[in-house]
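What follows is a set of structures to go through.
Next, two complexes with chain A in common: one pairs it with chain B, the other with chain C.
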Partner chain A sequence: MDQVEIGLWGVPLAILGGAIRVSTPFIFVSLGECLTERSGRINLGLEGTLVFGAMSGYAVAYESGNPFVGVLAAALAGACFGLLHGWICKFKGVNDIAVGIAMMLFGMGLAFFFGKPYIQPQAPDLPAFNLGWWSDIPQLRAALQVNVLFIAGGLLAVAMAWMFRSTRVGLIVRVVGDSTDAARAMGLSPDRVRLLATGAGGALAGIGGAYLSLYYPGSWTEGVSSGQGLMAIALVIFARWNPINCFWAALLFGGAGALGPALQSVGVSEGYYLFFAAPYVLTLGLLILTSSPDRAMQGAPLELSLTK
Partner chain B sequence: MSRYDPTEAGAISVEALHMTMRFGDFTALDNVSMTIRAGTFHALLGENGAGKSTLVKCIMGFYHATEGELLVDGRQAVMTDPKMAQTLRLGMVYQHFTLVPSLTAAENLVISRADTPAVIDWRSERRRLDAFMAGMPFSVPLDQPVSRLAAGEKQKLEILKQLYLGNRFLILDEPTSVLTPGEADEVLSHVRALTTASEITVLMITHKFREVSAFADEVSILRRGKYVGGGKVGEMSVEEMSRAMMGEAPVVSDRGRATTVKKPLLELRGVTAKDRTGLHNIEIDDVTLNSGEILGIAGVSGNGQMELMEILTGQRRLTGGEIRVNGASYSATRREARAHQIRYLPEEPLRNACAPRMSVAENLAFRMFDASADGGTIFWKNAGAIARNADDLIAGFNVKTTSPAARIAALSGGNVQRAVLGRELTGAVKALIVSNPCFGLDFAAVSSIRDRLIEARNNGTAILLISEDLDEILELSDRVLVMSEGRVTFETPIETADIAEIGQHMAGHG
Partner chain C sequence: MTSQAQIPARGHGTGAQTLIGLMFRAEAVLIPVGALLAGAAAFSLFLLAIGKSPAEFYALVWKAGFSSAFSWQNTLSRVAPLVLAALCVALPARLGLVIIGGEGAIVLGGLAAAVTGTAVAGLPAGIGMVTMALAGMALGGLWIGTIGALRIKRGVNETISSLLMAYIAIALMNHFVEGPFRDPASLNKPSTAPLEAGLRVGDMPFVAAHWGVVAGVLACLFCWILIERTTLGFAARIAGDNVRAAQVQGLPVSRLVIGFTALGGAFAGLAGYFEVAAVHGSANASLIAGYGYTGILVAFLARHNPLAILPVAVLLGGFEASSGLIQRRMDLPDATIQVFEGMVFVIILLSEALYGRLRIFTPAFWEHR
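So, the complex of A and B:
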């Protein structure tokens, strides 16, 4: 395809395409973290889960030749990490934040250890839909190459919002996240609910990791994640623990992540590294802007150690 | 033994027979027998630690009684766990709400059911809830998150929840402690109507004689774990009840009020701040605290009193206006508080005014450990002075502790309260700002704290008393202000104070 000269229009287009590409892991990790935090626990280990998911997904996809089997394996591995976190946190006097940091380092270390043999080989990629078939402009067609997982993530956000509102499971998660005492009085077991919520959250983070190695950037390296797992936690706070907001916030972060490459593509190379820092600056900026010295955070699950 | 049919409607009776509950060497409940007949409103009176909550926890299956048995609806019931109580249609409304704050009232009701469907069809659930509400004597907004409901509405919702669950025997644990007198009467008269109609049986834990006389059919009184009296409410006088409850008639302290010189000391002018949620404003237009008076601030919990306390202690940022002390601007820093001799007794002092794991002596030294004799600060700690200060205060304020080196968290609530009050009242004190000083204390402790406050007032100290206990305000204050929705809406000198009028202003109908 020949490049058509579209001038500065290239920047928003590249940002749009980049937002869709870059945001997908954010969507999955933040939805996973959203679920875990709504149950009243925080899992800081999702960065490790993400990296391990990237490695295991890539390895299984390579061995089996099917990227979806890889995604499934990543979800399973992520669920194991989540369940381990949830199980450790069950014990009295264990701090979920400290466990999360340990799990993050553990997951990354384990991924690097098992992942060494898979740095060279090429695993099959996940498919994408061409939503830009109607257009002649190659840049637009490129931007509208939408991968399967992005669409799945969008549907998942809607499904999770519906779950919190209209299903027994969703209400139970919210009850446990809001008041351990009320949950106990209802005969629920808060530890069990949090264990399962952390497990499910881990599975989603694992899928986010599989996306990194199987679609974009599309290969397994030790630097495959640039802190998406940690930023997703800030993103959940910004999204006020609402799954739909998580989706839009993930797109925003994705767009910020695509800013650097987009400007580079139109020849702006000044401050290149500065633009690459945009997502991190955005994280800091949003957290400061949405905070307040005078009032408690709105929408925060009340049992969360972060907001207590 | 025939099985109890849980679908049966109508009130049920509960009988406790020779109930004894021991925790190690301590006997919390000693051979208590009482009958709560079906369709009655039964009051359970007793001081803190009299065994009321132990008894109801045994009935609800949270504790397993060491000895004794329980008859529910005439049949023997073995309460193995709280779920058993639910199947027998026994329900309890706790003093601290067990509603989930971020869920709406409707969500709270539906999720509390044992048979909540996996996928909730809100449209049909709403139809059924509306039908249920239509048959109830009172209603609450169903679509609001519970955190936005007023305390009275939450209390009603707790009771509605028990009825929604189909419970026929309700235990209410001090249900009116967070309500205005008007709200309390409203809720209790509705509950009474339900018992009169034989829909439910009610056992209400309380320490308010007024509510017992006005609403209950029968009363049982516990003291130190023993059943010490009871019977039909109409046949017992308040004196008899209080004597049974306390062992002797309460010593009425005369608490003589000396005539004092009243000079303006602390002034709030046009003070505005955000409340806890950040959604509403606290606006105190003009409040002056004089020396030698107790200025009582009444109001229902959550109407800005907590924020006012935080404003005065410097914990909450002002968005406008100013606080002046003796004409000088005041922002409640430690230096200013020391210079103007302003002291604080916040509510729950163990949490808000103590370092719980530090010793009693260290906690008592918070006001003096860094002060030198000439008013400056010292660098090296003076262990001798700290020990002397602790000994003086422990003796002077009758603090019961095993030793000054004991952790303050090991003391009982009344002793912590006296210790902190002692600390705040040492030396010359121009103003004392107090919040709910007697919350959760027994009669003897309450009485000694109130004596100290009056004594300080008689010595010329200005006291700002923020309290949710209207009786306390009326007993101690020289002037009464009422706070409602973040504003001071009413002021009256104590001589012309009328409880009904104050209650209306507390409820926001001025």
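So, the complex of A and C:
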């Protein structure tokens, strides 16, 4: 089908399509971090988990020929990183923020180390649904190519919100996150709950990484992630530790990330690198607006070292 | 400063006090060294697991990093940026801030120095060089100082904001190097105009390494004196231990945070200046070399002690210098050193749990013998 001339309408369309494509890793990493932080621990190492998930997902999908096996492998690898992080942070006197930085560098190092042979070969892509079938405009159809993981991420956000609100597991995570002492008094083991929450958070970040290498951009390179894992952590603060808000914030960030390529597609190339910085500037701006010097942050888990 | 803070007398007390001091220092040295060795052992296991020889690895690190004048040149060329980048982590860390975006200050410091270099081309070389260095330090200090100000004025988490600002800094540099300040002659690799010969920083006599190493040593000495021997540094250490106590004491916590972060940023900017003036000759993508990230590890290994930063930077500089040889001889990917550094980093942090826990470092353990 030929391109239909739609002029400047192409920009918002490209941003919409970009938001859907770019936001998926944000959704998974931010939901994972949301779960971890709700249990009272911060994992800054998810950028490393994301990159390692991208590598392992791609490598396993290539070796097995099945992208979903790759996603599973990425989730397992991410869980391992999360559990390691959770185990280290259990010890008294260990700074969880610094451990996150170390795990980030360690995860990226390992990913680059084992990923070298997989930079060339082509692994199978994850399938996408064509939600734009009703339209004649090819740009709109392209924008509405929705990947299966994006839908899974949306459902997960709803499920996690329900879990926090109405289930026993959700209550346990929230209690541990708000008061270690109260959790102990209830007979819970805060360390174990945090370990599991950090492991599950790592698994979700691993899935986000698999999306990067198996769908968009759709190949494994050492530059596959440029801080998405870190932006997703800032996004959780902006979303006030609410899974549904995480989903919408991820879409917003995805749209910001698509701004540069969208403008370039209609011939605006001036300041390309500045538009490339848009998501970082947006994240920083939102972080400044939503932080507060003297009040405890609304909605923040009380045991979180980030807000203490 | 109005506070009447007293620096406690050191050493020279009674025998018991001396012993406590000695134990305290032994703990501060032996735990990091032990953790480093444990990291090296863990990495050896990793190499064995993938069928490579740890002995060959460490022999190659020795050969490429420390065994000859040529290898020392290779190592020392990395020491200057590593030391200065580590100070950008260590100074804020003394106030309890974890800043990891030194890479951004290096990149922008280098850009500012290179652009200033084209502007001061007609002036005497000495004045031109100082102006360039100051420009790099000013922009680096402004960049990281902003992170400190955001932390203290708005409560913005400094770890996240510093890394975000590193990405923004790299985007800014790419923009300026490919756009307004691009030298039309730089075809394959967009760069600023090359510095004229008089503005380049040369090598030191007898040692095949540029003067940035001396600047790094002086910067460490300066920071050590600042932290350990001035009331300003004493105030900073109090604020780092307990912000509320510092505020109750009437210490100017805001100004301390902004000042220390800005100073750290200025050192990172100075690293960018030396990378441009002594190594690359212009600002381009080569400035994004990852020194800012290795500098984090250097600072944590040195436990944010400016004097310990020097030997640690030499050690890690040697490891990084051996990367190429290890790739060729052992057929390992270039990320091998990154894996090593990651393992050491994780284990170093794990070792933090040991402080005050090991009986061997308590005077009681020794008095009963």
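We adopt the following convention: the second predicted complex is superposed on the first by the 306 of 308 C-alpha atoms of A that agree within 3 Å, B and C clash if a C-alpha of one lies under 4 Å from a C-alpha of the other, contacts with A are read in each partner's own complex, and residues count from 1 in each chain.
Following the convention adopted for this analysis, a contact is a pair of C-beta atoms (placed from the backbone, for glycine too) under 8 Å apart; a residue touches a chain by one contact, two chains touch by 3 or more.
Everything numeric here is computed off the predicted structure, so don't read it as measured data.
Colleague: Which partner does A:292 reach: the first (chain B), the second (chain C), both, or neither?
Modeller: In the superposed model, A:292 contacts both chain B and chain C.
Colleague: Which partner does A:134 reach: the first (chain B), the second (chain C), both, or neither?
Modeller: neither
Colleague: Which holds for A:179: it touches chain B only (first), chain C only (second), both, or neither?
Modeller: Touch partner of A:179: chain B, not chain C.
Colleague: Name the contact category of A:92: first (chain B only), second (chain C only), both, or neither.
Modeller: Touch status of A:92: second partner only.
Colleague: In the superposed arrangement, which partner chain does A:167 touch: chain B (first), chain C (second), both, or neither?
Modeller: first
Colleague: Determine, for the superposed model, which of the two partners chain B and chain C contacts more residues of chain A.
Modeller: Greater contact footprint in residues on chain A: C.
Colleague: Have a look at where A:271 lands relative to chain B and chain C in the superposition and call it first, second, both or neither.
Modeller: Only chain C; A:271 stays clear of chain B.
Colleague: Is A:44 touching the first partner chain B, the second partner chain C, both, or neither of them?
Modeller: In the superposition, A:44 touches chain C alone.
Colleague: Just which bits of chain A does chain B share with chain C as contact spots?
Modeller: 292-294
Colleague: Flag every residue of chain A that touches chain B in the complex, lowest number first.
Modeller: Chain A reaches chain B through residues 165-169, 171-172, 174-175, 178-179, 181-182, 185-187, 292-296, 298-299, 301-302.
Colleague: Contact residues on chain A for chain C in the complex?
Modeller: 44, 84, 88, 91-95, 97-99, 101-103, 105-113, 116, 226-227, 230-231, 233-234, 237, 271-274, 276-277, 280-281, 283-284, 287-288, 291-294, 306
Colleague: Can you list the chain B residues touching chain A in their complex?
Modeller: Listed in rising order, the residues are 82-83, 86, 94, 96, 98-103, 107, 110-112, 116-122, 273-279, 316-317.
Colleague: So in the complex, the part of chain C that touches chain A is made up of which residues?
Modeller: Chain C reaches chain A through residues 98, 100, 150, 152-157, 159-161, 163-165, 167-168, 171-172, 174-175, 178-179, 293, 296-297, 300, 332-336, 338-343, 345-346, 348-350, 352-353, 355-356.
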